[in-house]
Amino acid sequence: MDLSDTPEQAEYRAKVRSWLEDNKSQAPTVVGDRIEPEVVDARRAWQRKLAEGELVGITWPTEYGGQGLGPLEQVIANQEIGRAGVPGIFDIIGVGMLGPTIIAHGSEEQKHRYLGPMLHGDEVWCQLFSEPAAGSDLAGIQARSRQQDDGSWRVSGQKVWTTNAQFASFGLMMTRSDPDVPKHKGLTMFVVPMDAPGVTIRPLRQISGDAHFNEVFFDDVALEPGSEVGPVGGGWGVGMTTLMFERVTIGLGGEGFGWRSDRFAAAIGGDEEARRDPEVRRRLGHIASQFLALRFTGYRTLTALQRGQTPGPEGALGKITTVNAAIEAGELLADALGPDALEDDEWAGLISELPGIKTAGGTEEILRSMVGERVLGLPPEPRLDKGIPFSELRSKEVAAA
Amino acid sequence: MDLSDTPEQAEYRAKVRSWLEDNKSQAPTVVGDRIEPEVVDARRAWQRKLAEGELVGITWPTEYGGQGLGPLEQVIANQEIGRAGVPGIFDIIGVGMLGPTIIAHGSEEQKHRYLGPMLHGDEVWCQLFSEPAAGSDLAGIQARSRQQDDGSWRVSGQKVWTTNAQFASFGLMMTRSDPDVPKHKGLTMFVVPMDAPGVTIRPLRQISGDAHFNEVFFDDVALEPGSEVGPVGGGWGVGMTTLMFERVTIGLGGEGFGWRSDRFAAAIGGDEEARRDPEVRRRLGHIASQFLALRFTGYRTLTALQRGQTPGPEGALGKITTVNAAIEAGELLADALGPDALEDDEWAGLISELPGIKTAGGTEEILRSMVGERVLGLPPEPRLDKGIPFSELRSKEVAAA
Amino acid sequence: MNFELSDEQVLLREAAAGALSRVKTVEAARGALEDQVEALPDLWPLARDAGWPGLLVPESCGGAGLGGLDAMLVHVELGRVLASVPLLGHVIATAVLAADADAHAELLAQLASGERRAALVPARPPDDLESDWTVEATRGRRREPAPGIAGDAVSGFTPWVIDAPGADVLVVVGVRDGEPGALVVEASDAGVEVEHVTRFDATRSLGHVTLDGAGGQPVAAGADEIARGWYLAQGLLAGEALGAVEEALKRSVEYAKERYTFGRAIGSYQAVKHNLVEVLRRGDNLRSLIYYAGWASDSKADELAVAASAARVAADEAIDFAARQFISVHGGIGATWEHDAPFYFRRAELSRRLLGGAGDAAGRVAAELFAQSAAQSAAAAPAEL
Amino acid sequence: MNFELSDEQVLLREAAAGALSRVKTVEAARGALEDQVEALPDLWPLARDAGWPGLLVPESCGGAGLGGLDAMLVHVELGRVLASVPLLGHVIATAVLAADADAHAELLAQLASGERRAALVPARPPDDLESDWTVEATRGRRREPAPGIAGDAVSGFTPWVIDAPGADVLVVVGVRDGEPGALVVEASDAGVEVEHVTRFDATRSLGHVTLDGAGGQPVAAGADEIARGWYLAQGLLAGEALGAVEEALKRSVEYAKERYTFGRAIGSYQAVKHNLVEVLRRGDNLRSLIYYAGWASDSKADELAVAASAARVAADEAIDFAARQFISVHGGIGATWEHDAPFYFRRAELSRRLLGGAGDAAGRVAAELFAQSAAQSAAAAPAEL
């Protein structure tokens, strides 16, 4: 076991560090996670700068403007960006997940039209998968697409939990193009211009009062022919690619959501009574152990990635650990510091947003079932929706409600 | 709200107390929960004495030797027996559950043959329901009964978790008389003499090393005609009656299994460091709150019983609380007192037997599903065994294993 | 032996539920968080109409002369709908004042009618490890001595006082010559400052109270009568929590029956079902402990400390779990302001940190057990000189 | 950057698993609990054949000169089958002795070959709140000063010492003039008494060690080198736990696929499935932390305290949960001696209470974090005289 760089890695790190040293004065300062428009503009400009420095699309193929490097170089870049105290790329969803999906499934025309501006932050992207009635059960989406006689499409429906929708030029949208086949089979993926007539974006306020997500409404939005990504009826497979890249992006993203035990320790240690309370100490130690486990599980994942393995479903365990440890941390901080912590600039988000994050990206229950079946090989639940046309399933549900 | 006795109850209490005062010198002393044969003999003799004092079968109809009184009189008697520091009846399973089942479903002949000796402790009874492959899913039992041409029966199979089998004269046994109908329909209940040829009893050692349960094997045991309790094929309904009386018996049984917070407090308070540790205090307070909740839920249940209501499925919540609070208590004691507590005469049982008790009488998961469906009205799991002949289900399982 | 509500108590509960059903309290909570403070309706007139301000005021002073359990039952209904009525602090203030009813008959009559509003500025009673009456710090775990009473004046600082903002009079618990004492001060007195600190849960009114030689009328009350204010507060907070838990459960169950995923109602999945049963279990235990606390408050004063503290422990654990389930059963939407669940979550998380919270209450239950166990050992020991 | 086992480590692990597969260790545990103490096989010859006694002994003294991670990997395999080999105490004793290898070269050679057997009599290193080296009381939470060393003699009492019974030499950690010290004493010395207290888990050998002026050879080792014995013990206990967790999971999963109830394999129910995934999750986190502890032990000594303590926290929580699931997945039969699960349960519950357990280890993680945080504040503060 060796956490130090190989000579090649050390060289890459030095190169990145030196570029950042030379350019970091141009980086915007980031305070908290509020996303005002002027902050977004500055972040996008900085992404453009990073792209010039070859620090965006590090794992993308060179033919699409990437660096053609491996996951470890991505991690080294992330570490150096963190060390320099500057923000990273703004459009993580585009560069980390949607771009790679288009590289894997898009037409040549789509690749040449979209990938460059995405990489440079000129066009921000958003992911239009989840719906109010299709979260955990993603294949249950209802947003409809219908092909017109001229080959163009019309889409209608509602998406939800859409990060960056309000800043996005394009969205990658999963739709149901054929409701009369079983639910995984009638899906088609599209590129949707977010400024198209009929697209309405509405912010969704979370428990904390911030609005990191949006609802997006599509009212008979016209899409030109060739907007499909991947085959018509093949949207499920395209979406799975996106989710696989999501796991990789998270796997490379470091510890949790930037919550670090040393920050908790500093906050609690400042209160002498709390610092000396055996229960507080044990709870903090327990929480810190989990964040440490995440860090070193991350190194193991990275080792596997480096050896060319794709991250497996057990990666979901990391999300469960992260969210639950962070919830425990919020509880401890509020218990140790009192009501004041609930509205604290530093901790309010941790305390108030976790209950929502717990259900984002698949509820914990869905993740546990998935890991139980795919990693432990336990038998699945009886499925009542297998092989039944989607339209029939829907009418059953409507009747029940 | 009023926890004091009505004048009638006070009078009954005085009568019981006075009888106990006069007779308690004849009671055996009980140490721990070991059940050696000589202890059993003494306990049975004392049950006979209690029966003379009208303290056995308090809620049984008078025509079968009972007192024809209500649940509250039973509780008063239990309280006074506890207060006098003497043991209660030995054959709780017989008097509390199996006798009432025979009263409800047995033939007149059975009632007159069995109830008297049961009440007086002359004949101890055991309950032969669970099987190695049919615990939570009781209707899955496989022990077979076959009627002979002369009307007699032959039974074969294996039962498990049988308390008191080694002291019992008779058992109430659930069997499968017809495997070719759906699983709840082909069951028949029998009275089985435990000394019949072909009955073998083997003690089952638990984690603690004690053997409170037995396995019982039946090898082509002959039963005379008329041994059936209730109709042939009606065994499921008879068994449900037994389980309903089990809930009543537990409901009247007081707090948990005799685990009391004041005992935990005394044990922990004896260690000055443990007593002053904020975490120990909080854990103890949390545990004690749960035992207190059980006590006062018990008073609410009793009030309902007294008003003629039957205990509902929510009674299962009490079992969940009891077992989990007791497990927490064992954990706390071992943490506060160290390795010594694991083998302590007072606490070893609490620590070592709970994991088994957690699965006894229906696993916690089964109880939660039952309460969720019957109390909250949540929809059931999809059932894959509905309406399918038992023999067909079995061959599916055998194929899978 | 009868351990259920009386017919009168059932009526009291139903009347409370009925009165509150006419106010959109959760919508008000949402509006208030969106900085439209005026969105919070003034529910005091509703409380006055219902006679709640006088619940614990003796009949001789124009009150209803009811018991602790009755007050808890009203708070169950208030908690169910997150009603923002400043009743809790008022009720516990009248409970302490009632110990010296003759001397404060006129004030009690005004408080009973709701013409004036009071709040108790409480302190934590001593336990087996700490001999002092204390109050918490604004932030962190530190405890400070309760305000000091000298003559007819009191000085000190008590933060996070429930319902202090807007109260006309404050019943201040403090220490006089090492003994607990209480003093009624006018909130408008020059020596009294109440900093309104309501936040996070807009429906919970809180104030930091600073007393600088504020003059007042002494309340002749013994240590137990003063401590009763603290324990009643625990019981009323537990009552509020029960209402919120039951509402969260009801709505979670409704949704779990309607919402389908993978072709089945989500309530048919064990993961959802078992968690909702856990909410039920915690709520059920809480209800029993509230009955215990109410019964102790009215009939068994020496068990009030353990009963009310146990109820508080169960309350905080139940409301936290229920609020989180309320959110997670509803999936992502349950974590947005579109939905009511976040307001129950805010209620849960703030209330759990008031007046010591479940941690202090659990420690108190243990303290009472240790004290009993020590007393028994002492009683069992041979008498010696 | 590479954070996986080396090929040599994989071989070491496989060899250990292979050697142990030839012994019926769990059956021996069952036999031993039935009071047939002779049922416990003597596994020391097996350990000698495998070269484990010399794992941490320098090559110059005839050992394998391997690292902490290697020792942990062997303990994972020992824990997997509940092997009753007195290796843990021996390995940590050699680790402390190795700090002064030249002076103890002959003894180390004997220990490396397994010709003689050692045990460490450890003490808890100081933390940010306690400045003393301490040992636990026989019962309860009290901590006592570590044994006192004066000249070449040591006196004191250290209970619950792992693998002390039958050891030929004891490496005793004590305090000399306020500084930590270590002394090697012969177990047969008149001033040494080892009370064999193995019980509950028959596969775990424990002794209460009383030292009454026992004479010995000093070990010239610094505070960090002595503390390393304590932290390695935490890491090895964590390793044992990981093996037990993985075995419990494997067998629980097998059974959950085979056993049917209500017409479905029980592993298809969420309640069972999600709990087994929880065992997997805890085991997986534990494995990462053991790698961290091993890596720190071998390459990053200043993180050993936090790494080994974190591993211990994760270990105790994982093995407790895994053992209980092992029982409950198997229904009633899992709680009887017919089944192996109870022996894993006994292993879990006893081991969790040794050497401070998860509670002390978690406190230690916090202590290290607080100390770091204080150091950073101090570093950030302007230098002043």
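When the chains are written out, they are named A, B, C and D in that same order, and each has its own residue count from 1.
Rule of thumb we're sticking to: contacts are C-beta pairs under 8 Å (C-beta built on N, C-alpha and C of every residue); 3 or more make two chains touch, one makes a residue touch a chain.
What you see is a predicted model; the values in this text were computed from it and never measured.
> I want to compare two interfaces, B-D and B-C. Which one has more contacting C-beta pairs?
Higher contact count goes to B-C.
> So, comparing C-alpha centroids, which chain is the farthest one from chain C?
D
> When the centre of a chain is set as the mean of its C-alpha atoms, what distance in Å lies between chain A and chain D?
For chain A versus chain D, the centre distance works out to 40 Å.
> Could you put a whole-Å number on the gap between the CA centroids of chain C and chain D?
Those two chain centres are 48 Å apart.
> Hunt down the residues of chain C that sit against at least two other chains at once, touch-wise.
Residues 264-265, 269-272, 274, 359 of chain C touch two or more partner chains.
> If you look at chain A, which of its residues touch at least two other chains?
As it turns out, chain A has residues touching two or more other chains at 277-280, 282, 365, 368-369, 381-382, 384.
> Please name which positions on chain A make contact with chain C in the complex.
Residues in contact with chain C: 130, 132-133, 135-137, 140, 160-161, 204-207, 209, 213, 270-274, 277, 279-280, 334-343, 351-353, 355-356, 358-360, 363-365, 368-369, 381, 383-385, 388, 393, 396-397, 400-401.
> If you look only at chain B, which of its residues touch chain A in the complex?
It is residues 277-279, 282, 382, 384 of chain B that touch chain A.
> Report the residues of chain A in contact with chain D in the complex, numbered from low to high.
Contacts found on chain A: 1-6, 9, 72, 261-262, 264-266, 269, 275-276, 278, 280-286, 288-290, 292-297, 299-300, 302-304, 306, 314, 317, 320-321, 365, 368-369, 371-373, 375-382.
> Can you list the residues on chain D that touch chain A in the complex?
Its residues touching chain A are 1-6, 69, 129, 249, 253, 256-257, 264-265, 267-270, 272-274, 276-278, 280-281, 284-286, 288-289, 291-292, 294-295, 298-299, 306-307, 309-311, 313-314, 317, 358-359, 361-367, 369-370, 372-374, 376-377.
> Give every residue of chain C touching chain D within the complex, in rising order.
269-271, 274
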